[in-house]
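Each of the next two complexes has subunit A plus one other chain: subunit B in the first, subunit C in the second.
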Partner chain A sequence: MPNIQNSVQNIYTLENLAAGGTVIHRLHPAAKMLSALFFIVTVVSFDRYAVLSLTPFVFYPAVLMALSETPHLMMFKRFFAALPFCLFAGIANVIFERSAAFSLGGLTVSFGTISLITLLFRTYLCVMAVLILIATTPVMEITGQLRRVRVPAIFVTLFEMTYRYTGVLLEEAAFMHTAYSLRGRSQKGIEMRHMGSFVGQLIIRSFDRAERVYAAMKCRGYALREFHARERKFTARDMVFAAMVFSFCVFFRMVSIDAVINALARF
Partner chain B sequence: MHMADALISPAVGSALYAVSAAAVAYSTAKIKKDALCEKKVPIMGVAGAFVFAGQMINFTIPATGSSGHIGGGILLAGLIGGPAALLVISAVLIIQCLFFADGGLLALGCNIFNMGVIPCLFIYPLLFKRITGKGLNYKSITAASIISVVAGLQIGAFGVVLETLASGVTELPFEAFIALMQPIHFAIGIAEGIVTAAALCFVQNARPEILESTSNSTRIGSSVPIKKILGVMVIVTVFTGGVLALFASSNPDGLEWSMERAAGTAELEAEGTAFNTAAAIQETTAFMPDYSFANAGEDPPLIGTTVAGIVGGVLTLVLAGGTGFIISRIKSGKGRTA
Partner chain C sequence: MLEVCGLSVSYPEFANAVDGVFFALREGEKVALIGANGAGKTTLLLALAGVLTPSEGNISIDGVKFNKKNIHDARKKIGLVFQNPDDQLFMPNIYEDAAFGPRNFGCSEEETRERVENALCQLGIPQLARRSPLKLSGGEKRLAAISTVLTMRPSYMLFDEPTAFLDPRAKRALAEILSGLPQGKLIATHDLAFAEKICSRVLLLQNGRLTAEGGIDILRNAALLESAGL
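Up next, the complex of A and B:
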């Protein structure tokens, strides 16, 4: 089933990328997490026609992807996952906001169209910020940071285990799906009347595996406790990175880029 | 039903973050009290991976030509209990957000609330457990599953509508939005409810101990009054939403508010003739005064400035792309010489 195989591939590709050793990879996870969050909050704080004011924010993904040697095309494909609902809201704006914003060579562009473009652009920026974070930071570093800020051990361990076993169970589901397809008639998905026993079977396999996992963990001395992740120094380099991202965001949030462009156009 | 970052405002995102964080903290505390807590965590981890895998498998809905997949909230709550299911769904949503761009980082609070808190902490104890309370059999499991999944999806979809409209990113009228969202999610709910019921009945038949242990272990009604949970959530929502709305009304956004707190002023004041000239130019020529286009109904701005704006925007994008390209070239050049 291509859907499942793609998902497994997705996880492993990002994990491989995160294992890199570029200047961005070496930054403290807290610096990258806070910067990504601050960037997203700044981007979504613009109003819904601010497409021009948002353009300088492309520098963030462009520069970070180049510095971290992350392939853009691969990341761009994932942007489509976030699209359906945004397109729905954006197209609704095109229908409901028909008043003209400006006309260009006889072509009138409505406010709705501008808000659709802004929404898509905003989606692109936010998706890229998250993907760059995960493509440059190993999951264990992120969960280590969560432990350092005292997120309960139960939740962090649960997250780590879900992440680790997602690939395993996706493969299990793919095996079952292949077996079903080979026995059944050629069809796209599983018939709804078979889905209950299919999912039920997967549940039982998962629970059996969970029992074995728990037994194996116990054999190796597992005990759920609040342990503190290895301290990692927040160096001057991390500080400079975070300060640069923060000031970049604040600067372009305050200074209207279209005014600068128009001023330049007048000269 | 996953909401993206671009669909919400910082105020709505933070308010729902606070509510979901409170719900996750509550569930964590609840699990910790369980004597089998240590054993439950690996089971929950694998159950999370199961939900993930389950959501990837599409089933064909007869006579419609369309397909659906399981959502997992009620199914998981039926297997491992409400609070544990909320933690698992939250972990799954975080992975979907980080690795698959499915739902945003700022929108995570909204997504956990719509798809986790509603089915696991409200619908499961209030509907599912009440219906199956008199005895676990195929009839009660089927009725409970369908009713709970439909109710959970309806309330969740309504949450999406409210959160999107409160964020002000769409012009879609409330009635039209509701008329689009609710019937679609009703149909999805029926199909998903039937599959959830069939899966739970299968497990009940093959391993009755799984469902029975869940059904007996978490008697929510007696140990934790649901009114208390509701009360805390209402207080958290009203407080966060109210506080943020207060700042949002007096200041255009939270960022400017924080600027005001940090710098003593909402706008960075720059002095000097160059800045004054720039400000004057901005006032007379701004393509989008105060970050928006000229008001609707007014004369459209001069074509010259419009073209300049668009060309400038495209140039900025090219410049950003070019910077990235140059850095990549320099880095790959270095790699070759090394």
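Up next, the complex of A and C:
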């Protein structure tokens, strides 16, 4: 049970961080969302062998994490959750693209390896941009912005509910797991023959609990059509932040780091 | 005044879970709603809070009847504290949970902060503001759940088994806190001693019907309570 409870706690750790009061936290959510989106689009737009060109983009997460006092290690651990997916996708490149790109101290590096490294680097940058956005902006503000830009309310509500009910589902699983362990033969998880009824019961219980939570939300003014999002002014400070991020992305998208390094090497 | 006129509530599988109930709750009044398990106490509270739609009858506050159009305004005036605080505390920390209502009702961030701080101080739990609900004791959760309703500054508060999960000391503390709250209160409970300590009037619910209404002497009428399954 403590493990599942820790998982529930972990889900909400980023949201707790979002309650901070640093200069990044105080920025308008729209400025942070647009900047993150522009950053991600720029990073994704690079060629799959452009490892060097992506290097300057590491400043974005590094600077934002420093300014927002976000714990680096915790963010890095979360990035590892996304790692297996891109590793699995990129490993095929190493197998199929074997033509040599260059030799380094007698070791031949293939184009496939470079594209794998680019993919990992790109994933790192994109995941960090999203994590920093969530760690510095409360979820309600993000969904409020989505509503303001006319994202269909049903999608936003679905997102909010999924986010809230993940914790509810895990809590129910924790209670059931404890009850099972206390009467079960084995202390190591749930036996396969009981898994079907366990999962079935979990869904029914979670559904029941979710209905009660939703009732509690409705009693406190939560309703699909009557949502009152907090209004905040988009100030000059927000504008400057967004402009800086846009300029940074555009500049390093236009300037080829490879060409600069080659020019410096020739010089 | 909160007035309930001929209120009936049905579930698809259970007709008239609440059956033709009439009563009134004045501002500042403390009324106990007692009844055996399945008598319809929770259903009645959910209908009063606008969560369940009555099949018959109506509810009004200061002469204004509830309907689908004004339900949002009605919810500002009536706050419901659920039996299980875990159902009520779904945000990552107590501050966010207490701020949920005022924000939904369009309060500014400054006003929300002021309301949350006042509510937490009123209940003596300002130190819990940044704590996760998962890490609180039963008594702390109960007070945190009450704070989420207090921040909405309702005229009437409904409590569903407020003493559930509480030890005797926490019950005494809760009784003191509830006695000090100025709102009109309807307290659904099995805890007759708790009801006697706080309330001045009692409603007895039996199979969805209101079978007795009067002063706290009802709580000492052993024959009546026995017949109601208490």
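The rule we apply is simple: the second predicted complex is superposed on the first by the 224 of 267 C-alpha atoms of A that agree within 3 Å, B and C clash if a C-alpha of one lies under 4 Å from a C-alpha of the other, contacts with A are read in each partner's own complex, and residues count from 1 in each chain.
Operating definition for what follows: a contact is a pair of C-beta atoms (placed from the backbone, for glycine too) under 8 Å apart; a residue touches a chain by one contact, two chains touch by 3 or more.
Just so it is clear, the model here is predicted, and its values are computed rather than measured.
Once chain A of one complex is fitted onto chain A of the other, the partner contacts of A:M140 are limited to subunit C, with no touch recorded for subunit B.
Contacts of A:V168 after superposition on the shared chain: both subunit B and subunit C are touched. Of the two partners subunit B and subunit C, more subunit A residues are in touch with B.
Once the two complexes are overlaid on the shared chain, A:L73 sits clear of subunit B and of subunit C alike. By the touch criterion stated above, A:G221 is placed in contact with subunit C alone, subunit B being left untouched.
In the superposition on chain A, A:V63 makes contact with subunit B only, not with subunit C. In the superposition on chain A, A:F102 makes contact with subunit B only, not with subunit C. Applying the stated contact rule after C-alpha superposition, one finds that A:N16 touches subunit C and leaves subunit B untouched.
Contacts of A:R209 after superposition: both subunit B and subunit C are touched. In the three-chain superposition model, subunit A touches both subunit B and subunit C at residues 164, 168, 209, 213, 217, 222-223. Listed in rising order, the residues of subunit C touching subunit A in the complex are 46, 49-51, 72, 75-76, 79-80, 82, 84, 86-88, 90, 92-93, 95-96, 100-101, 103-106, 108-109, 130, 132, 134, 148-149, 152.
Residues of subunit B that touch subunit A in their complex: 2-10, 13, 24-25, 28, 31-32, 37-39, 41-50, 52-54, 56-62, 67, 70, 75, 79, 87-88, 90-92, 94-95, 97-106, 164, 168-173, 176-177, 191, 194-195, 197-203, 206-207, 210, 253-255, 259, 267-268, 278, 281-282, 285-288, 291-294, 296-297, 300-301, 303-313, 316-317, 320-321, 323-328, 331.
Put simply, subunit A touches subunit C in their complex at residues 5, 8-9, 12, 15-16, 19, 138, 140, 164, 167-168, 171, 209, 212-213, 215-223, 226-228, 230.
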